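Please go over the structures that come below.
In what follows, chain A forms one complex with chain B and a second complex with chain C.
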Partner chain A sequence: MSSRTPRPPSIPGSAMVTAQASRRSVLRALGLGSLALSSGSLLAACGGDSGGGPASGEGATVKFGINEAQGSGPAYDRLKAMADAYAKETGTEVSLNAVDHNTFQESINTYLQGTPDDVFTWFAGFRMAQFAESGLITDLSDVWPIDGLDDAFKQASTAPDGKQYFVPVSYYPWAVFYRKSVFEKNGWAAPETKDDFFALMDDMQGKNITPFAFGDKDGWPAMGTFDILNMRLNGFDFHMALMAGDEAWDGDEVKLVFETWRDLLPYHQADPLGRTWQEAATSMGNGDCGMYLLGTFVVDAIADVGDDLDFFTFPALDDTIGADALDAPIDGFCVAAAGQNQDAAKEMVKWLGSAAAADAANNGADAPFIAANSEASTSTYTDLQKKSVEVVSAASNIAQFMDRDTNADFANTVMVPSIQEFLKNPDDIDGLTSSIQQQANSILG
Partner chain B sequence: MATTTTTKKAAKPSGRRRETSLSTRDRLVVITMVAIPTILVVGLVWLPALGSVYLSFTKWNGFGGLDTIEWVGLQNYKDIATIYPPFWPAIRHNLIWLVFLFVFPTMLGMLLAVVLDREMRGGRFYQTAFYMPVVLSLALIGFIWQLFYSRDQGLLNQVFNSEVDWYGDPSINLWAVLVATAWRHTGYIMLIYLAGLKGVDATLREAASVDGATEVKTFFHVVFPVMRPINMIVLVIVVIESLRAFDLVWVINKGRNGLEIIAALVSQNVIGEATRYGFGSALAVIMMLISSVFITLYLRIVFREERNP
Partner chain C sequence: MSIETPTAPVPSRTATPAARTEGGAMSRPRGTVATVVVAILALVWLFPLAWALLNSFRDYGYTQANGYLSFGGWTLDNYRQSWEQGRFGLHFKNSVIITVPAVLLTLWLSSMVAFVLARFSYRFNLTLLGIFLAANLLPPQALLIPVFRLFREIPLPLFMSDSGSMLNSFWSLILVNTAFQMGFCTFVLSNYMKTLPHEIYESAMLDGASVWRQYWQLTMPLVRPALAALATLQVTWVYNEFFWATVLLQQGDKFPITSALNNLRGQFFTDTNLVAAGSVVVALPVLVVFFALQKQFVSGLTLGSTKG
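Our next item is the complex of A and B:
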């Protein structure tokens, strides 16, 4: 679960490494313990830093672990195209290890501590930093700067120790999506201010259209709403400090977020906990709902009206804070510290951040991603993507999404059920926030 | 009398002689045959179980070696009981699950078995139809029922023109899931029971009907007591099934929002992205303790039966 685009579960064709890893994680999870555990750390210890063979060029091999299974659509095609282009350009053999998205993400911990691939797909944010602190990923500060990746991306690739551990390749913003034709027909316009925003929602309700589509059956989509409300009401810096565990969850700031959310709930689709984001997107697609706050992957669920979609960033709720921050999760690559061929990995990861890599990816798939590299060609982009580039470039602060910005244990076992509890029972905010804080103390403290 | 004692006396020494005359090779074979299962059981059942108990007193996120495991005593158990909101609902749901499975699908399965045992016309067809759901994986069953239960696009709400949030409303979804489970469990119990009924000696029924017992009386006073071993098996299966209930709720919403059950909580904490190994182990140990209660009860009944047959 996360801010990624969820996919139908499919069985990876060449999932050997992660199949092992996930088996090991299950064993470990059940405490099938000491044997599996020690073999895990032994394996990690064996994969030293010394490179095997030439770093790149003829005769060198670099192992590339990707979080998209073969046949899972454009996302796989893009990664495959990048791997092929790199192999062709440098003569290095790229051995691709394609694993189903969810499986990859859920077994990442054991994967990195076992026998990981040299280069692997990952996300910017707290967990990347956590891997860096635990020494599981390699310091990439010597591959930076990379042409075409600006300071904001460098910042997102930096761990708290000030070094870079990540190379971004693409991103997608979270914003409020709507259908152009529905807005035109009703004479609505994207709201600029808080007053416009509430007037728009009231008008929608008057016309018997639910203003916001809303689904949280999977537990993570509502985190996007929390993120944006917190950034609008308390500012980006507070949001990041809260995610990092440096601010209290039972303070007035977080209570204000939940209170505002409670007041906004009547403008949202009722009963969100039984609805998937795909179902919510469908209700916006067929006109039952006016807007939907989600990532750009909303298009995947309602491709038939894809050309009719447009979006605006969530308007300011507090004029002193403004509306210049948003969630725009960044995808990219890391080098595993336990990988066999560190030099080849670094060389490849630097290339993966280049405009050439992004172009290879976008030319090799039906649907392009929004390249992080500013020199990449935008000729394949859809209108939505062109607008995404503008919106994200205009934003002064970018968050990664709650489950990438905070401790994974906390996000998954505390925030998911807590937000669902809030949606069931929005009135007990004091009880909710103190419960979150108690659990935060136990996990983070 | 005299002849039996002599044969016994004669048999004893010969038995002892066979014991002592085990060749080295035979002894090796016996030792291997005992040792391999013992190693497997100790290595795959006991050590992990003990490892899990140990981990439940620690805090560990799985990063780094075993030296990063931090001993926290009873903290995890205290947290589970006091500040972990899903725990008590989970216990309650597991108990509801047990009672429900026992009262409805088990009884229904037994009834179906008795009816089908009467060799009615089309019996084979019904038998297959009722058993079909057992062949499907619970994950697939979760998907099939999603088509019925979806709030906006599901069959039930379309047909009845209602707006019930079957999977999302925490006061309803447990029952919705139990119905889906029952759909499968009924066929399972039916098959086991049917097999048992086929094994009941026909002469017993004949005797009962000659004595003038009604069908119902025959079942409760003759057939049911004879089927005691099968009844025990059914009982144990129901208990085990309700404790390890997991797949269906996991497919539906990963065991959250009204569908908290212990096995799902364990998985949430250790198998997915979260890696709270200590906390998850503590939950697993609690689950193990609850199962032990039932296992102990079961074993006591079995042993008592062996002692006084």
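Our next item is the complex of A and C:
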């Protein structure tokens, strides 16, 4: 609050706050209605008036809300390192608000409509676009382009209205992980084609190794399997259209995904609903299972064999579609429309997209993520990170993961239980898909 | 309740052999059955708690490698780490800042309402009590959006709340907790006050005591047991409150201890043994209060249930 502009002494501070609050809420109410776009920009302007104060340098303060609790490990250390580096470089005071990941995500709606920080950590994709549409985050198109962030990232930061609302900082791919030593010992190689893939899985089963580790107790890990199967069988464009609610969930395409999945289930660990992803990762780490489809964060659970890990992208299942798409969720930053110092926020968010910010994060702590900025130094990268860069740059289409590509309510309240239901009872695909479609109708409209 | 009763009637039975054989007390075989059933139920209830307690002393790496049915990997590290990583010192302080004023305010306000309801007969007395109780039946979640919007529109000077509004301040939590606990306290206190003999008030009035004096110097000392019982209950309820803190606070370092427990979970990775240790630490104050003041608890729950 020290960033507040000096105001005429005749107006009490509280009155100014009320005036702003009521003006803002009226606009917000409009924003939630049909006037989403126009009121969104008005709102941003509004936030600008109220804030003011210097945007950077001595005496300026920017509030920075992050979705990692203090002391929660490398992810927090990286964000903290970025905040510190920015404060050091510009002299701006960065006031950090650290909230744990799950709480932050669950209360994001009240956060943005309440008293949000100026800059906050968020995700690219639908989750960002949703807030852009309701005018809760600030248009950042004047911050773009940012040196070192290519067109793919600009695309990922763009809402359906064609403006950018997001600045990416890092990402990580989802791929099939395995232990190099286990593959070497058995004379296996990363499969290139569908036939290789199935031959490999059969060979594993012959040697009494479960081909795929699998756990879905928390509900979200299996979404990764759905995503990759859908992208391999129906293509990236269909996948994104499906996530946006433009394609039918009870159509033949989605049924094909579930049927293929059902046929692949015998190659997966049984009873996945009772297993967390950490436990599944452990069974890959100790050699009970041959492979595990997960994000690179898998090393967090099996750090002791981290150096022995390698991965390959899920092979093509349909040659006409190929294997050029994958899930690679992008993390980054948005500016809250109700934040008090819009100029300071924009200044900071632009810096956060820079190579300097990425380097500060990478020097701050190791994490299995890779910097979005292509000019960032890769000297601290592990082999896994280097390979992640390769794999993601080779991919021509990048999805964000189901719970980021579609409506959060739909992902959490419909898809989590539906996929779990499928894993319990894989035979009733018609009933399952029509139930998903019915719920999609009411949520996605 | 049923376990201890069989011993009591035994002497009376020897004194008057012909009299009641059954009745209030249970016969021996039925008593045994009841004991066994109750013991099993108690075990079922205690098992998850004991399990969490046990595993809070075990190393995550060990349980992950050997499964939870193994035995070994003992460590106290989870407690040290949960205290540091969860920043429990700070969050305990926040809990105290919220709980103490909320409980005091609740007791003070509800005792005043209860005094009026119990001592003066207005036409709307019963209606008023009914309204207080009805509000108690309303699930707090139903009021989430109105309260949130209301608080957002209430400005506070910056020295009271650094967000400039009721949102994201301790005041909001103190008020919300007070509001939601007042119904129950008013109900209990007014019933308790009705049991005080009317004659005391008549003599007090004859001596010229004002209404305030009747409340503060006469009633309050007499309802002290009820206040003590309610204070015990309220401290645990407000301390355990989780929902409003998560909704109304947006700044990580303002969270009370219950919401801060989430700090121990990572984005992808949750060390369940660490969370178990954290939960034990968080539950400890409630357990201490409960065991130290057990009597108050029981009397608090049965207070005012009979009219004297």
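Convention: the second predicted complex is superposed on the first by the 391 of 445 C-alpha atoms of A that agree within 3 Å, B and C clash if a C-alpha of one lies under 4 Å from a C-alpha of the other, contacts with A are read in each partner's own complex, and residues count from 1 in each chain.
Criterion: a contact is a pair of C-beta atoms (placed from the backbone, for glycine too) under 8 Å apart; a residue touches a chain by one contact, two chains touch by 3 or more.
Computed from a predicted structure; not experimentally measured.
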**Request:** Have a look at where A:T158 lands relative to chain B and chain C in the superposition and call it first, second, both or neither.
**Result:** neither
**Request:** Using the touch definition from the top, say if A:Q439 reaches chain B (first), chain C (second), both or neither.
**Result:** first
**Request:** Determine, for the superposed model, which of the two partners chain B and chain C contacts more residues of chain A.
**Result:** B
**Prompt:** A:E68 contacts which: chain B (first), chain C (second), both, neither?
**Reply:** second
**Request:** Mind working out whether A:T110 is in touch with chain B, chain C, both or neither, as first, second, both or neither?
**Result:** both
**Prompt:** Is A:T296 in contact with chain B, with chain C, with both, or with neither (first, second, both, neither)?
**Reply:** neither
**Prompt:** Taking the superposition as given, does A:T121 touch the first partner, chain B, the second, chain C, both, or neither?
**Reply:** neither
**Message:** Which partner chains sit in contact with A:S283 here, chain B, chain C, both or neither? Use first/second/both/neither.
**Reply:** first
**Request:** Identify the partner contact of A:N97: answer first if only chain B is touched, second if only chain C is, both if each is, neither if none is.
**Result:** second
**Message:** By the touch definition above, which chain A residues appear in both interfaces, chain B in one complex and chain C in the other?
**Reply:** 1, 25, 106, 110, 113, 279, 282
**Request:** Give every residue of chain C touching chain A within the complex, in rising order.
**Result:** 64-65, 84-87, 148-149, 152-153, 155-158, 162-165, 167-168, 246-247, 250-253, 255, 259, 262-263, 265-270
**Request:** Using the touch rule from the top, collect the residues of chain A that touch chain B in their complex.
**Result:** 1-2, 25-35, 37-38, 41, 105-106, 108-110, 113, 130, 134-136, 217-219, 271-275, 279, 282-283, 403, 408-409, 411-413, 416-418, 420-421, 424, 435, 438-439, 442-443
**Asked** For chain A, which residues count as touching chain C in their complex?
**Response** 1, 13-15, 17-18, 21-22, 25, 65, 67-73, 75, 97-103, 106-107, 110-111, 113-116, 276-279, 282, 286, 295, 297, 300-301
**Asked** Tell me, which parts of chain B touch chain A in their complex?
**Response** 43-44, 47-49, 51-55, 61-66, 75, 79, 83-86, 149-153, 163, 165-170, 173, 253-254, 256-257, 266-277, 279-281, 284
